[in-house]
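Two complexes come next, and they have one chain in common, subunit A, joined by subunit B in the first and subunit C in the second.
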Partner chain A sequence: MNAQTHISQPETKTREMSYAEAIRDAMAIALERDPTVILMGEDIGTYGGAFQVTGDLVERFGKDRVMDTPISELGGAGVAVGAALTGLKPIYEFQFSDFAALAMEQIVNQAAKLRYMLGGEAAVPVVFRMPSGSGTGAAAQHSQSFEAWFGHVPGLKVVQPSTPADAKGLLLAALADPDPVIVFEHKLLYKMKGEVPEGYYTTPIGKAAVVRQGKDVTIVASAIMVHRALEAAAKLAKEGIEAEVIDLRSVRPIDRETIIASVKKTGKLLCVYEGVRTLGVGAEISALIAESDAFDYLDAPIQRLGGAEAPIPYNPDLERAAVPQAAGIEDVARKLARGQV
Partner chain B sequence: MARDTQENLPFAIRAFSPEQLKEALRKMHLIRLFEEGAEESYMRGLIHGTMHLSIGQEASAVASCMELTDADKITSTHRGHGHCIAKGADVGRMFAEFFGKETGYCHGRGGSMHIADVKTGNLGANGIVGGGLPIAVGAGLTAKRLGRDDVTLCFFGDGANNEGAFHEALNMASIWKLPVIFVCENNKYGMSTAAAYATAVPNISDRAAAYAMPGVTVDGNDFSAVAEALHIAIARARAGEGPSLVENLTYRWRGHSKSDRNRYRTKDEIEDWMSRDPIQRFRAELVAHGIIDEAGADAIETAAKDAVAAGIEFAKAGPAPAITDVTKFVHAEEAA
Partner chain C sequence: MPTEVIMPKVDMDMASGKLAVWHVAEGEAVKKGAALFDIETDKAAMEVEAPASGILRHILANPGVDVPVGSPVAYIYAEGEAIGPAPVAAPPALAEPDAAKPAAEPEAVEAAALPLAGAADEAPRATPVARRLAREGGIELAALAGTGPKGRIQRSDVEAEIERRKTPVAAPAPVPAPAPAAPAYVMDWTPQAGDLHVTTRKGNGVPLVMVHGFAADSAGWTPLERALPRDLPLIRIDLPSHGRSPLRRIAGFADLAKALVQTFDRIAEGPVHLLGHSLGGALSLALADIRPRQIKTLSLIAPAGLGPEIDGAALNGIARASTADSLAPWLKRLTARPEGISHDFAKAAMLSRLDPALRSAQQELAESLFPDGVQAFDLTAALSRVTAPTLMVWGRDDHILPWKQALAAPGEVALHLMRGVGHVPHMEDPEAVAALIGRHLRP
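After this line comes the complex of A and B, so read on.
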């Protein structure tokens, strides 16, 4: 799989990297430029991380800055919160986003609320990295998509890079942000290659990207779903249907303007996301269109494609059926474009 | 000559009948062969996802479960194939689960990491490290409230003992004197992280003192030592005296999971532990005490091999779940 990159400054020098390498590059740059940055997580040292994202960073920066933690997610996340509160900039890696459920207390009740509860007198500039999503055969407790969970919490920012360039730029933006940021990294994208700008840069949090222009239907997608939407759009183009594909990139804050502008242009909206369909990211996008002046431009009911109302199953065919695939996106987008829904 | 007067014999030889001991040997072979079969099936692409093999830890699983009945419960871990077989599961249905079939224990929804057999009291493996600990305490609470004398044996790893859930679970089991036996399988590592680095006390059993329960560390590759420690802990639980913590020192021969490159341990260390094979050790012990002869032991191993081969065939033949059933089992079936 090759990423379609959308880099803001095309004149910068780029290098081909995988998504995982781009994240590692971001962490190496951060460790180099800021002595207060530390990495924490389970098996991120010698092992190199469950998905080999930290890789050799422990050899380059030492065990004091690339810290293996015991298997203690609640405690580990809390230590990161406390360190952030007092002057360090920790990046805490969860082995799987699912295990953030064990650390909900520190992320939701502490990190997200400390600045507010203390009347603006404190900051928690912590970054939580969370490998997310299904497709690896790891079943119900290692395959979830929690974007909507965390997106529901004021005080947090939530991003979902879909390309190597954004994986690097959004992580550096997360680290530069004065508040807690959750970065959902899609496991199926780790090996995906793409052109990545060299050196330090940030991709703004809260800005979506129009990754394909089209006039017939708007598809808003994130993470791996962006690639599936582009695949569907390429097929539809052969039939003369031009889909506009928006890479959401950030769930909180969400880029209302970009979505509204696109829907005004196409009059049709399909939301595609991997999290469970009900009460998911697509519900928010649908609602923001329904509440906006883009509502008058709609020529068809809004459509949502999301995860099944079930845990992610182990059986590979069931697992595929449990989340949107390119063929399903193509099918619904075609019906929308042809006025069949 | 009464067997139980021979005080110098190992505990297991004194405590169990020859049939029970042979059955234990059979289960240990079955676990090893099942996992080798699973590993091979994985290489051949018949199994997807990942799996955590317990090869080298068979004595801990089987000896810990020796005195359990079907009414007794266990909670297991991501490294749970051995526990499942030790508790009495059928390897055919286990393979079927690994192959994602409707005929598997979880109807293809769970796979290796969620393998369970509720009918034989196995409440399930767990994808969450430490996830089973409070659940075991809940099972103990049920037994106590309902006035039953069944016990719950809770398996977990050395890595799990640093989760908050471990500490909360032991505390509650102790204050309510629940019939729970916490069995820590200390195989020296949680993934790549050495227990010696990640844990503040030298022995995990030392932590029992903080929760006012007995704690003991035994050689987890010595069948008899494990069985004896569990005998004491189970008797205490059944007598209503409360929980215990038993730490079985053992070692996993394979990597943590399918993607482990073993960079955190040496080849020498692995080979040293492989020379202390718990199955060969138990077998030699049975032969030495005249429970079985070499030919008999070989026959047990061959029978286990056949059972594994038959299990794989059963699994292959099973139907896959229907795609339209992706949301089946999320809730109780509605009455038609």
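After this line comes the complex of A and C, so read on.
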């Protein structure tokens, strides 16, 4: 899979690498340029991480900076939050974003709150990396998409890179941010290749990217859904339907301006996200459009495609059916564009 | 909420202004920025613009009345907005003794007595952008027919109405009534070598000659024939290299028109009604131009030749397609509802196009008529010369020939721009098209 890259500060030189390699590159650059950066997580050292994202970083930077933590997400996240409070910049890796449920106390009640509760005199510059999403046959407890959960918490920032270049740029932006940032890495994207700028750069948090221009319907998608939306848009283009595809990139803060401008242009909105449809990211996007001056430009009811109201099934056919696929996106976008919704 | 229209302060030391004249009457539509009323101050007279688009209601100040600055003089309601009770006029400026009697009162009573047009329970269903455009364009939503799901009024419906208002539609020109007891029309014709293939249906009165479009054939008229008056005699002509007519190398549009005129001259015994679709429409126009006295009425469905734009890719695609699978996507382009083009439909359509020689002749014809995807022939002059009563039907969702080319028609031509219909109105809505043609031929 290859994708267009959308980079805020493109360096002149780029190199092709996978999404996982781009994240590793970002961590290596951070470890090199900032002595306060440390990596923590289960099996991220000698084993190289559950998805081999940290790889050989322990050999390059040593066990003091690339630390294996015990099988306790609550404990590991707690140490990371404490380390951040004392001035370090930890990146804590969850093996699966699902396991963040074990560390909710530290993420939601501590990391997100402490700046506020201590009157701004303390900050928690921690980054939580969370391999996320379905499609790997890992079933109900290893396949969820929790963007909306964490996006609901003031004090947290939540990003979802869809390309190798953004995976690197958003991770470096997360490290540069003074507050806790959650980076959802889609597991199906780890092997995706793309051109990635060399050296240090950041992709701004809170800024969406228009990855395909169109005038007939706006598709707002994130992570793997961006690629499915682009696939659908390419097919629709052959029928003369021009879909505009927006890569959300950040769930919190959300880029209202880009979405509103696009909907004002197309009058039709389709939100595509992998998390459970009800009370999900698409609900927020739908509401912000309904509340904005783009309302007067809507020419069809807003549509959402999200995850099924069920745990992710183990059966691969059911697993595919449980989250939006390109054909479904194409179908709804076509109906929207034709005024049939 | 209606928009309040107030007496503006147009002068630094102005406390009140005298309303000179209203440019818009109570109940009339007004557009934001248009002149609404004139005021006279001590120093000057000036025009006041409408602060919003909508319907003017509750005029509170009559001409000659002095109104304090900032007091309401009327209200502008959005299209379809329920009319509220008439507000009370502001007390007139004390400086003007004439205004002591509340001049606004009778107006207010009148306004309150107006029927509650567009009350909530009968509000039309419309998308937000359709509502906004209607509001801005001073269009009553209730007057529109929505083409969206469950009749919802969409942006395209309002835009079409705005376009329609820009283009006055001519009423069909009167046609002399046919003789009451027309004799049965029986064509006495023996085809000769080189003639185009012609099929007929017997009936009474003046026959209708039908000329199909590019890559179609006479069989394509079947849905329309079923809906036309049963006793209407029909003469269907297959164009060269189409249907069952001989394959022929055609040098260009004039050459094609010549072939049609030759066959027409041999079959037409007297004046006929003429109907053409697309390329057949252009040929019918040419025929009407060459043989004006032979044409009693002219009906054109999405005729070619009225502008340069055409979907050349679709024409070439249809001409080239050698399987149902490669034909189907192009057939879908022909209609406003492509979901109706099933695989079986495409298979059936392909049956009449199995002959590779026919396909290659049609490809050549497409290249000669539409080089570089452009209509290389222009019949707007012929259209302006046509004296027979002419009817034009066009689908607003025509993806092959843009319906706006219909606007090339002179005022005498009756335009019917159908909603939710593509390039083949006689197949997509044969009943409606047959009704229009039926009335046109036998008013």
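One rule holds for everything that comes next: the second predicted complex is superposed on the first by the 337 of 341 C-alpha atoms of A that agree within 3 Å, B and C clash if a C-alpha of one lies under 4 Å from a C-alpha of the other, contacts with A are read in each partner's own complex, and residues count from 1 in each chain.
Note that in this section contacts are C-beta pairs under 8 Å (C-beta built on N, C-alpha and C of every residue); 3 or more make two chains touch, one makes a residue touch a chain.
Quantities reported herein were computed from a predicted structural model and do not represent experimental measurements.
Engineer: With the two complexes overlaid on their shared chain, look at subunit A and say whether subunit B and subunit C clash or fit.
Structural biologist: Fit: subunit B and subunit C sit side by side once superposed on subunit A.
Engineer: So, does A:Met104 touch the first partner subunit B, the second partner subunit C, both, or neither?
Structural biologist: The answer is neither, since A:Met104 touches no partner chain.
Engineer: Report for A:Glu309: first if it touches subunit B alone, second if subunit C alone, otherwise both or neither.
Structural biologist: A:Glu309: touches subunit B, not subunit C.
Engineer: Between subunit B (first) and subunit C (second), which does A:Ala261 come into contact with in this model arrangement: first, second, both, or neither?
Structural biologist: Touch partners of A:Ala261: none, neither subunit B nor subunit C.
Engineer: On the superposed three-chain arrangement, identify whether subunit B or subunit C touches more subunit A residues.
Structural biologist: The larger set of subunit A residues in touch belongs to B.
Engineer: Once chain A of both complexes is superposed, is A:Ala283 in touch with subunit B (first), subunit C (second), both, or neither?
Structural biologist: After superposing on A, A:Ala283 lies clear of both subunit B and subunit C.
Engineer: First (subunit B), second (subunit C), both or neither: which does A:Gly240 touch?
Structural biologist: After superposing on A, A:Gly240 lies in contact with subunit C but is clear of subunit B.
Engineer: Return first, second, both or neither, reflecting whether A:Gln340 touches subunit B, subunit C, both chains, or no partner chain.
Structural biologist: In the superposition, A:Gln340 touches subunit C alone.
Engineer: So, A:Asp296: does it touch subunit B (first), subunit C (second), both, or neither?
Structural biologist: second
Engineer: Looking at the overlay, what does A:Pro70 touch: subunit B (first), subunit C (second), both, or neither?
Structural biologist: A:Pro70: touches subunit B, not subunit C.
Engineer: For the superposed model, what is the least distance in angstrom between any CA atom of subunit B and any CA atom of subunit C?
Structural biologist: Result, nearest C-alpha distance in the overlay: 24 Å.
Engineer: Both subunit B and subunit C touch subunit A; at which residues?
Structural biologist: Subunit A residues touching both partners: none found.
Engineer: Quick check: in the complex, which residue numbers of subunit C touch subunit A?
Structural biologist: Listed in rising order, the residues are 127-132, 147-149, 154-156, 329, 332, 338, 399.
Engineer: So in the complex, which bits of subunit A are touching subunit C?
Structural biologist: So the residues of subunit A in touch with subunit C come to 238-240, 267, 295-300, 339-341.
Engineer: Show which residues of subunit A lie in contact with subunit B when the two form their complex.
Structural biologist: Residue list for subunit A touching subunit B: 42-43, 45-48, 50, 68, 70-75, 98-99, 102, 136-142, 308-311, 313-318, 321-322.
Engineer: For the complex, which residues does subunit B have touching subunit A?
Structural biologist: 48-50, 97, 100-101, 106, 108-111, 113-114, 126-131, 159-160, 162-165, 190-193, 197-199, 263-264, 320-321, 323, 325-327, 330
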